[in-house]
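In structure tokens below, several structures.
Across the two complexes that follow, chain A remains constant while its partner is chain B and subsequently chain C.
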Partner chain A sequence: MSVTTTSHTPTLQERLRGKGGHADRSFRGVVYVSGFVVLAVLALIALTMFDKSRAALSHMGLDFFTSKRWNPPGEQYGVLSYIWGTVYTSVIALVLAVPVSLGIAIYITQVAPNWLRKVMTYVIDLLAVVPSVVFGLWGILVFAPHVLGFYKWLSRTFDGWPVLGNIFGPNPQGRTFFTAGIILAIMIIPIIVSISREVMETTPQTEKEAALGLGATKWEMITGAVLPHSRGGLVGAVMLGLGRAMGETIAVALVIGSATGQITLNALTSGNSMPAVITAEWGEADTLKKSALIAMAMTLFVMTIVVNMTATAVVNRSQKRMGVR
Partner chain B sequence: MTSDTHLPDQEVTMTMDDAPAAGGAAPAAPAVFDLRSLEVYYGQFRAVRDVSMEINRQEITAFIGPSGCGKTTVLRSLNRMNDEVPSAKVGGLVLYHGADLYAPGVSVTEVRRRIGMVFQRPNPFPKSIYDNVAFGPRVNGIKSRSELDGIVEESLKGAALWDEVKDRLKSSALGMSGGQQQRLCIARAIAVKPDVILMDEPCSALDPIATARIEDLMQEIKSEYTIVIVTHNMQQAARVSDRVAFFTTEINPESDRRTGVMVEYDDTKKIFSNPSDERTEAYVTGRFG
Partner chain C sequence: MNNVKRRAFLAGIASLALLATACGDDESSSDTTQAPTTAGSDSSDAPTSSAGSETTAMPMDLAGELNASGATFPKTFYEEAMAEFMSIYPDVTINYAGGGSGKGKQDLADQVVDWAGTDSTIKDEDLPGFKGGDVLYFPTVVAPITVSYNLDIEGLQLTPDTIAKIFLRQITNWNDPEIAAENPDVTLPDQAIVVAHRSDGSGTTKNFTTFLDRAAGPDASGIWTLGAGDTVEWPADTQAGEGNGGVAQIITSTVGAIGYVDLSDATDAGLNMALVQNSSGNYVGPTVEGASAAAGGAEINDNLTYSAIWADGADAYPITAQTWIIVYKVQPDAEKGMLIKAFLEYVLTDGQDLAGSVSFAPLPAELQQMAIDQLDQLEIG
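Here is the complex of A and B:
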């Protein structure tokens, strides 16, 4: 019968092929397809943006990036001051947020007793998902009105100092680069803490004990074993925070003061940032202005990609040097 | 048990400087460690009880016994590494050159600078070879580059590693073989010039050749250091050690609780040729169930 013809005893070679090959193949298929979809969407976004921004870019030429004159009625679209606003507020946010975040992450993972560790982890993870408009409103309603006295003090104290004197310049206002930077810092601290904490927790106990066994104090153990082990992940955490700070729209729009053409080290003056301008001005924009706003969005997009690629390169290099990979 | 990791140096009340330096003649106190009824709990679980022994200077003392009998636990209580396990509690007395290691005010960092440790798995830091060896001296306050260079070279030579790595001191320690990494960990331990080196199965991840090198190394450095080694390798214990402590697990028939105990502690020759306890004999002759 036909049964006898199909049921030959499988050879060892055939049995070694094993089962699950089919599942493996379909899983690989799913992964490939999703990877492709992501890339396709990204490419589509880039293409559309490039296409829609062409009008403004050919109208302005290189002036689009090098001029700080943003004057829609006169059809002048120079974004330099908004690039500056984005970069400056993000840098302020990082300078404020990174030390605080690393401190909190180190405290949670290495120092805090078990129960406090759990509570703090929970609270921080909760803060990481608070909508940014809440921070923005808090900034405009609570923070900005009360901070002026502090700014005046900063301005007075650092008057005449080399760099800090320029950063904390004269005649401070409430809604400024610095206010935006502070609000951004508060927003990205939970993100950086959350990731740094997870990275630091992966430090093997034996590496920590190796340091302690040499007579290291807890602090020396952290700088000697935990931080080197976590370096790559910490850079990633900071970059994620930076990405969020650069792209943040509503919170910044509310507290930065919306002033055009401001390119200054003085952090205590009003300015504006790219995402804030885009949302604020999209509504009443004509075709050319819309095109300029899209070109601005594309600029931001490219900047975040460059930041991310640099971060990846830094991480890879440090890992290769340390032989981690 | 309270850990005094944060205690600054000035507050150290223990005067371990009174302890004789390695190599100095002090026949009055040949014992480096004097354990009196040591017991260690993990939470409610008593892992070992009633360990009383003296560990002599400039000798190699081996801990042997079946898995889970508490060898690592006892070893780690000798430099207060058990402090890092939150549930661990140590009872009894651990005297180090006569000083109570668990007395209040004793700084664990001071203890561990004198009593170094080499772990079962090689655990170099993800740093360069040089920075691994220099880590200990640096935390001990040595900053001068030339002094560090000297210590690194001397320690790597001491660990029989210098010739293999002298041209790539700046490259990552993680790029070395397992055997090299373990010798690096030994170099790192001797770089702080400890009085004692504790080794927990230092060769269990190594091939016979690397093992032989580390055994030779132990023989070479034993004139300067007191060594306590945990090993599952009976030949190794017989080859390298001067004295052997045999541990096993006792089961209380009523409560069904298991506890580690030290059965016998004697000269290596005696343990392997003519042990006093039949459990020791069963274990060293391979008839252990």
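Here is the complex of A and C:
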């Protein structure tokens, strides 16, 4: 933007440039460095992980990703079953958490009376700061033992059904993919709710009133005005929840049951996830196994980056479509 | 107690005086710099100089801090020994962080700890990574790993082959004829077996699977096929608990459950423990005596590494785990070196008496003497 001045009085821009030039430049420098530090840290993490995982990757080759055998005594390290566990528990968590979270967010922003809105917002934000180990301990000591009867009922009820019969298969115990999914769902609900709530609150009052003015019911107003307006933000909220679910370590480690080689649709059986394996097996690991665990961490790192990039792309696209920006 | 402290104090003053003359040239730590003033002001006192004659008999007064990490298996015993040691020498602080044998070895290799606890020996290919040079192994205690179960029967007798089949899910009911044959005097219930193992990588798992591998593995009956390691490929229809406490919790809360738990946790949880057949064919219970007998029957290498698992001896408990404190042979820091030596000496002598109270077994006399003799190999200063 070029500045054309006709009078002698300098414009605001000129005055700022003249007086603050030096401060401006050094500030810009500081900010550049700060920004660069983030990239450098990320790059160094990636580099270190790549370097330390080389031993395991060259030992296992492509089998590292395609084999489900994790057999330390035989120096066989395949992470496929743990990738499956990570993905499957996260998907279960999303399936359970997304409808509930959106419902809560819609209720808080559109339906609830003012006083209740404040209370609910506060309580849900409180849920977000509960340390994950607390969820894990609650899961292992309270939830897992008591949910067993429900699991047995599920697997009896859906026995022989297509798909559902596979998902709710035979159940030996309370620590399962499904338990991990439920605990994760509870953990990601506050994240999805608080972002969705803020996004929904940005719906212009005029659009909502226009919808109501055209004779729309509250439900039609929500589906017609609020949800389309907030779509990008909602996808972002869900993806953040997914990122949290995929990386969650200790709560999952406690309730997933720690079984190896499990690639099955049966949600009522034990398995394991990548972060849980890393934290559980690091302490006693020898050199090659450590390298394999780091390679597993790198796999997880790449997966979360892909999820985040997908989220960004989706958000951008729907924002463009909405004409925002 | 009070008396001990006072004598230690007197001996301390004397040793400070000695230090002042002995280590004048050393790049001085805080203790040695203070020594001349202390000695100087007290030099006219008769009691101080007369106490000097006692220094040879008494350990010198120790001060400083030692940091350690490693195996969680002996942690209870080390904590007990450290607490006693620190009450004798109030100026000494020792921290033991746990974290697993692997972490202990790595930390010692990187020189971030002064000593480390480990249940397993260092692999040859990892030795170059130890920046401080040669490492000495000091065996400290042994302890039985119990095969505990939740049934209303005490003293069930099991052979290694049967244990292997149970943990491989080839035997899934307690009334299996194979278990019945080993326990002719017992009525076994028609009760499904639930197998509990560790969810975390663990030295206890390594020792337990090493036992199965030796007693029922490819070189024996060939039943056990999962090998030996800190984690193995357990069958999927088994349950996993975090730590010894987690496995004990599964056994306590599940009728028909069986799992391997160290003796102190099994005792705390009040579990029933199986008598396991040893290499001599006798059924032996997981006791402190059985563990010491196993260590006594084990073959000791020159560097004091050994394995008490499936060791010879009529009274040996076959699943006996050993553990070591590892330190660098060369200790360039004199103060730290003295402290390490004094602590090791304590663990190997008076500390051995503490083992029983926390369900660990003292070393057999011969091995204990070998470890004490090895203290002289430490090169301090």
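Please note the rule applied: the second predicted complex is superposed on the first by the 296 of 325 C-alpha atoms of A that agree within 3 Å, B and C clash if a C-alpha of one lies under 4 Å from a C-alpha of the other, contacts with A are read in each partner's own complex, and residues count from 1 in each chain.
The criterion applied here is as follows: a residue touches a chain if its C-beta (ideal position, glycine included) is under 8 Å from a C-beta of that chain, and two chains touch if they have at least 3 such contacts.
Note that the coordinates shown come from a computational prediction; the quantities given were computed from them, not determined experimentally.
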Q. Will chain C clash with chain B on chain A after the two structures are superposed, or do they fit?
A. fit
Q) Thinking of the overlay built on chain A, is A:Gln205 touched by chain B (first), by chain C (second), by both, or by neither? A) first
Q. Roughly how many degrees, to the nearest 10, is the angle at chain A when you join its Cα centre to the Cα centres of chain B and chain C?
A. 160
(Q) Let me test your reading of the model: by the given contact rule, A:Gly149 touches which partner, first (chain B), second (chain C), both or neither? (A) neither
Q | chain B versus chain C as contact partner of A:Pro162, first or second or both or neither | A | neither
Q) Of the two partner chains, chain B (first) and chain C (second), which one does A:Gln262 touch, if any: first, second, both, or neither? A) second
Q. Which holds for A:Ala225: it touches chain B only (first), chain C only (second), both, or neither?
A. first
Q) Taking the superposed arrangement, what is the smallest distance in Å from a C-alpha atom of chain B to one of chain C? A) 51
**Q.** On chain A, the residue positions that both chain B and chain C contact, one per complex
**A.** none
Q. What residues of chain A sit close enough to touch chain C in their complex?
A. 69-74, 145, 172-173, 175, 253-254, 257-262, 269-270, 280-287, 289-290
Q.
Can you tell me which positions in chain A touch chain B when the two form their complex?
A. 114, 204-218, 220, 224-225, 228-229, 321-324
Q.
If we count contacts the way the header does, which residues on chain C are in touch with chain A in the complex?
A. 72, 99-103, 123, 125-126, 129, 199-203, 206, 209, 226-234, 236-240, 242, 253
(Q) Show me the residue ranges of chain B that touch chain A in the complex, using the header's touch definition. (A) 5-6, 79, 81, 84, 86, 108-110, 112-113, 116-117, 119, 121, 123-127, 135-136, 139-140, 171-175, 185, 188-189, 192
